[in-house]
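Next, two complexes with subunit A in common: one pairs it with subunit B, the other with subunit C.
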Partner chain A sequence: MLVKRKGSHFMKRILFLLSLSGLLLLLSGCWDRQEVNDLAIVTAAAIDKKGDNQVELSVQVFVPKSLGGGGGQGGGSEGGGTGKTTLVISQKGVNVAEALSMVQSELPRKVFWGQCKVFIFGEKAAKEGIQDHVDFLLRHPQPRERADVFVSEGKAKRLLELQTLLERDVSEAIREQAKLGVGMKVTLQDLGEMLASEAQAAALPYLKIVTEKSEEVSYQFVKNFATAVFKNDQMIGQISQRKTRGLLWLKNEVKDYTVTVKPKDTKGGISLNPISVHLDLIPQIQGEKWKMVVKVQTEGSVIQNGTNLDLNNPKSLKMIEKVYEEDIKKYIESTIGQVQHKLKADIVDFAKEFHRKYPEQWKQAEHRWEEVFPEVKVNIYVDANIQRQGNINESERRREEKR
Partner chain B sequence: MIRNMSKLLRKTKKKKQNQQESKPQDALHQSFNENVEIFRSIYENCSDVVFRPFSIFGKTRAMIIYIDGLSDVEGLDENVLSPLMQETANESQPFNELLENKLPVSNVKKVNLLADCIESISTGNPILLYEGGSDGFSLSLAKWEKRSIEEPAAESGIRGPREGFTESLQVSTAQLRRIIKSPALKIQSMKIGSYTRTTVALAYIEGVADQTLIDEATNRLQRIEIDGILESEYIEALIEDNPYSPFPQIKSTERPDVACANLLEGRIVILVEGTPFTLIAPISFFSLLQSQEDYYQSFMISTFIRWLRYGFFVISLLFPALYVAVTTFHQEMLPQALLLSIAAARETVPFPALVEALMMEITFEALREAGVRLPKQVGSAISIVGALVIGQAAVQAGLVSAPMVIVVAITGIASFMIPSYIMAISVRMLRFPIIFFAGTLGLLGITMGIIAIAIHLCSLRSFGEPYLAPLAPLKGRELKDALWKSPLWKMGTRPHFTGESNVYRQAQGQAPSSKKGGESGN
Partner chain C sequence: MEKGKISSLQMAMLMYPTIVATAILSVPGITATYAKQDLWLSPILASLIGFVTVYIAYKLHKLYPEQTVIQFSEQILGQFAGKVLGFLFLFFYIQTTGHMIRAYSEFIVGSFLFKTPISAIIVSMTLLCAFAVHGGLEVVGRVAQLFFPVFVIPIILLILLLIPDFEIGNILPILERGIMPPIKGAIVLSGWFAEFFLIIFLFPFLSDRRKGMKYGMITVVVAMMTLVVVNLVVFFVLGITTASQNYPLMNVSRYISYADFFENLESIVMAVWIIGAFVKASLFYYVTVLGTAQWLNLSDYRPIIWPIGILIVQFSFWSLPSTMALARFDFEAFPLWGLLTQTLIPLFLLLIAVARKRKQTGSKTS
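And then the complex of A and B:
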């Protein structure tokens, strides 16, 4: 009996403690709680320069009603997403933080950065320096470090206001395009690292609005066009789409594009897709001479053959490989030429390679890297293999020749 | 038990102010008249008790006492009354030996004690009293209406035996015996319940089940003093280790094959008269997530289905809570497109996600419960109400978001994937505090809830065996039947905690292969 009584007393105590801890939960008052329908979900943000020392922040906010998922009392009359899916709001401020607070004052819902995956800097803002803005984006807990960062030609806000046909909104279109690897893809974290790196240079994809005109409609879309080059945190120039490809080779980010080469003594061209790329940057210091050996190993597959060459013939295959190698080399050379001698910004991050291999020499040269970098001699070796020449079809020109 | 009985009897006696102060443990009287009087006073106002006076061989006065409807009246007429009334006596034999020989009844027991007589009458075996003897005969002529053996409704399966236990204990024990024919299968029975006198049988295999386990079970059963046992849950509630746990510590089954499988693993089975549900102990958490069919299928399929079940067990416990936590605290965790869809769907919903989730979950539980209680004729109404009103109309009216309906539906399906019904219900119940935690503290709250449950599970025991075995304490050898299911020929040993006294259950190296088949000629 004694045991029983003790047990019930114990249980009482447990229940008491349990109810106490239950009350503790209520005390917190769900302070951190944010219902989805109280959020203004930012899908993209643009930072522009406005007037003197003013920053204009534009946010693209998702409009949930536009998807018409809730059914609604109207019996789905407004369903089907007929309305605009996004809303662009811009406000000025001394800096991004202030502009943001102004944006917030215009919105009935709390601005939520957690899903913002696209940040675009206007060209003017980029030329003034982006360090300030990046500081805000990295310091604020909500923006994602994995969001993509871009620079736009002209005002960035214009991009946010574009209508898209294929994707839900322009932010998604830009993001998906960057993912394809046609141009550069730089995340907020990458940018932060670039800005903090020894090279003191950064490269961001450069967006441009392109108008496609047909007889009836003209349609504007965003093109991941080229690359904006930053020195310290200021944009100093850009490199073209063609040279961006060379940059992709150097950054080992080549993914999905087609190289068309035209071998000598033949008509037509042959198109190749790189399958795998291996890149080695080997820094060398001989005396006062700084040298960088760039070794590219790549495998390609033939996707179109418009020449009269027989690809089953090892000789012609070798020849194409040779041409392919030279083509890649040309790309890289022209890119390096511009980066090294015209822009003088080490966006390829040679600095890191030298620092790693020659820490002593690097220490001495660190402060004058700007002067050293254009002087670095670059040797490029490309080793290309063609793995899949494709045996199904013979080229038309070859057939003609046979006849 | 006996004491209770006597107390009860004494009380009635006192009330009646009867001159005969006879106690049940008393022996029968010498006098036939007195005996009859005693029985008449005991069964006063019992209209279903029949007293049939007659004379044996036309000389000796005798009396048959039985309960109408519990005994085989035809058998009584044919095999007791007619031979005794019509034949003549052979004087040379002693009278009671003669009686025994003349009764063509399979089991005739001599009873001396009043208590035994009462027991015998209440179980349907008529008592034969006769003049000149201080003993009576208990005739095994019990017969009452029984349900026939049917397929168990709560534990159906595709493959495997289709018979289930019934309410009759004799039939149930016979079903066990039909599967395990060895005399090592022991079935000890005892009567529990001062009024119901319910027969409870403890079955085990001698030499496989641990003796201490048998002793412990017997002890716990004998400790029970209660007025009545109506279902095996009464027993379960009185013998389980931790009564304050939402998790069942004793498994119930209505399948003889499941009971026998557990007997073979060294567990005990408690059968209770009047219910098809038998109890199995000790059990582990994992055994509640296993179904009999796991053993009737290829091990690969069983493992796959087991993991499916584990996954849906977690979903059943956490899914609504995760939905609430992610949509109200951690919106950045969802893929963008998904969040936007949810945001669009939630646009018209007037409630916070927490309230929405609680509302829908409670409605679902109500629907489920109503479905169980509803008569079959109106059963289809519940599905219409559930599907149309709650599902479609609520979403169309903008009261509930479509994703929440999906979440509740998936959770509902998940909870029905747990083979043990009691386990499924306790998981359903635990879901609510976790949803509440999620609504107040987000993922942190869910983690707290999971930790609390894990701590509780670790401390739980079933008949002294750790509840989370073989995972905690880790018994690597036994994961073969918990985390995955090994092929039968690899299950060479019995479970550690229950089958320790007889470890090996089959010969080693029975993995079949075509080569071995060819070599068997050697």
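And then the complex of A and C:
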């Protein structure tokens, strides 16, 4: 009797363990099981206009074989898999979704968007409006809100086909460059916010292919060149590289950037790197007059001094700071001038600032913001400080003169 | 029938995920649709319903300390009317449980497991809850206690990691279009806070009944604060686009990115959501089963766990053809439906009960 009971207890345990291990089968996710080697990982996508009503979607797909899977160091020298790390496939369709299904039909693996961090709109597509395409990108569960969005000169597909030397592929190169803060950096989330904003304007970084030629080789690379300006969802123009810098000041996105100023009455110039930037946009409404006060506070360090000025002398330091301020102001002014009077698109989002501070007045101006915006008077105040002067404390030119 | 006891702290830990789990995912989007930048006010206004509901539940409990609402409504209204009301409550809870399990599964299928048939997810969740319910109230309470940190810590972590992406100015100007928009948002949200009425099924089984009211109120406050914070965080990051997102909290969690590799944290949201949904569904399921057994005057509730489970699965499909229909129900029908059955009807019950007691004591003394 006792033995029998013990036996059933043992059987119970075995059954329990068996049923527990049965649960392991569920861990793979069953229907949604996706193996990495069944995925075509998209690293960048380009959307172009083709013909009248067609959209061309090009995807850059990562080729895992190219990394010499497990081959290690040897792979590089023999150039395994002819060295191409990516593959570009493009197809046409009525919209992005349809083009995507056509792309899928050409690939043996399932298209996977989760790693796609670069979306590029061709100029023509941008000019005709991007709302439609953005709907797909925001609705589809896979593309990331943090992916960067760009506009390219001409066809965007050409960019994807470029070879890169420094980075693994073009998408990486574009993204890393955007991160450095040379030009604007706009994520998909930012774009969605801009398109929904009251300013009814958006700005995206504008890419261009540049060719570097030496005697033996010519090398093409992508440059974060300028800024594409959108009104509603249509591209209406662009801001030059120079003026993009002014825009970076206004958007508080200045990062890697060198200012070279030439003080009066001296030879040569002096170069500064802004270290920290603080920006205040203060809207003011006096009677019928709308005014925007832009206050920039920045600290910089000297990286090259070609003048004979002594930075240890407070007087000349003040003088340089003054010139530095003037220079920043000039940049911002020229950008604002173009944005306000030529493009008439509120890409700096003054609308938001006015709305937040003056909700009452905003309500009346809301629907005619397009007319109000160019009339807004902009006052710019720059306060610049020079904090550091690098490893030497006297300029070479000055030393020479002293001798 | 139920011999287990739980502490009032366990009750709080049971109620908190029950209210918050489903709310944090979709509420920022829903309230933003109405209230725009004032969305953080809606939970504060809606929490009034929570306080009132807990108060009504506690007062009713004081009058009939050993019984649940299914039992004492017969004493208040008479047997026939009491049974009809009991049926209404049970119908509400079966339907709501089915509805919330469907909402849970829609999120999983729509965001993560695209190809998995939705019935697989619904059935597996119901099955899991059935096991928990089979264990009784004590087990459900313990499970909630066990999962509480797993539920709360990731949410706090998520919020902390998002701080660099905050744009605090997004909430300005405050109350631009008056108080009405946040009130509209609060009306939708009040359906969630009305769910605090579940607490009436737990009061009789508390080991420390005196603290019941206190912990109930604390739970309302904490749930309200959580929703305010989550609404704010989402709006700080997403701005006006919050209103167009179905699951804003998930979008926000995907936005976290540190050092190029610490990113794509939406799986945290999924884990939190599954745990929360499990606690919520288990509690609803338990209440339904217990109530039905009491309604039918059974001696044990365990035999009807399976039949009720089948009903719950059925209700998660009936009259809900799509996610859009599900959302429309949340927006249009549920606020009124939830408020009516869980706050207004109990309020009438309480009024009648008080009047009856007065009459009784009045006739006794005279």
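One rule holds for everything that comes next: the second predicted complex is superposed on the first by the 359 of 403 C-alpha atoms of A that agree within 3 Å, B and C clash if a C-alpha of one lies under 4 Å from a C-alpha of the other, contacts with A are read in each partner's own complex, and residues count from 1 in each chain.
Going forward, contacts are C-beta pairs under 8 Å (C-beta built on N, C-alpha and C of every residue); 3 or more make two chains touch, one makes a residue touch a chain.
Predicted model only: the values in this text are computed from it and were never measured.
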Inset, instruction - Mind working out whether A:I41 is in touch with subunit B, subunit C, both or neither, as first, second, both or neither? - result: first
Inset, instruction - Go through the superposed model and pick first if A:R368 touches only subunit B, second if only subunit C, both, or neither. - result: neither
Inset, instruction - Name the contact category of A:R356: first (subunit B only), second (subunit C only), both, or neither. - result: second
Inset, instruction - Report for A:R144: first if it touches subunit B alone, second if subunit C alone, otherwise both or neither. - result: both
Inset, instruction - Would you check which partner chain A:Q189 touches, where first means subunit B only, second means subunit C only, and both and neither mean what they say? - result: second
Legend entry - First, second, both or neither for A:S197, with subunit B first and subunit C second: second
Inset, instruction - May I ask you to decide whether A:K315 touches subunit B, subunit C, both, or neither, giving the answer as first, second, both or neither? - result: neither
Legend entry - Where subunit A meets both subunit C and subunit B, residue numbers: 30, 32, 114, 144
Inset, instruction - Under the touch definition given earlier, write down the residues of subunit A that touch subunit B in their complex. - result: 11, 25-26, 28, 30, 32-37, 39, 41, 43, 62, 64-73, 75, 112, 114-115, 117, 142, 144, 168, 172
Inset, instruction - Please name which positions on subunit B make contact with subunit A in the complex. - result: 244, 327-329, 331-332, 336-337, 339-349, 352-353, 395-398, 401-402, 436-437, 439-442, 445
Inset, instruction - Enumerate the contact residues on subunit A facing subunit C in the complex. - result: 29-32, 114, 141, 144-146, 189, 192-193, 196-197, 352, 355-357, 359
Legend entry - Touching residues on subunit C, where the partner in the complex is subunit A: 110-117, 120, 169, 172-173, 176, 238-241, 244, 251, 254-255, 257, 263-264
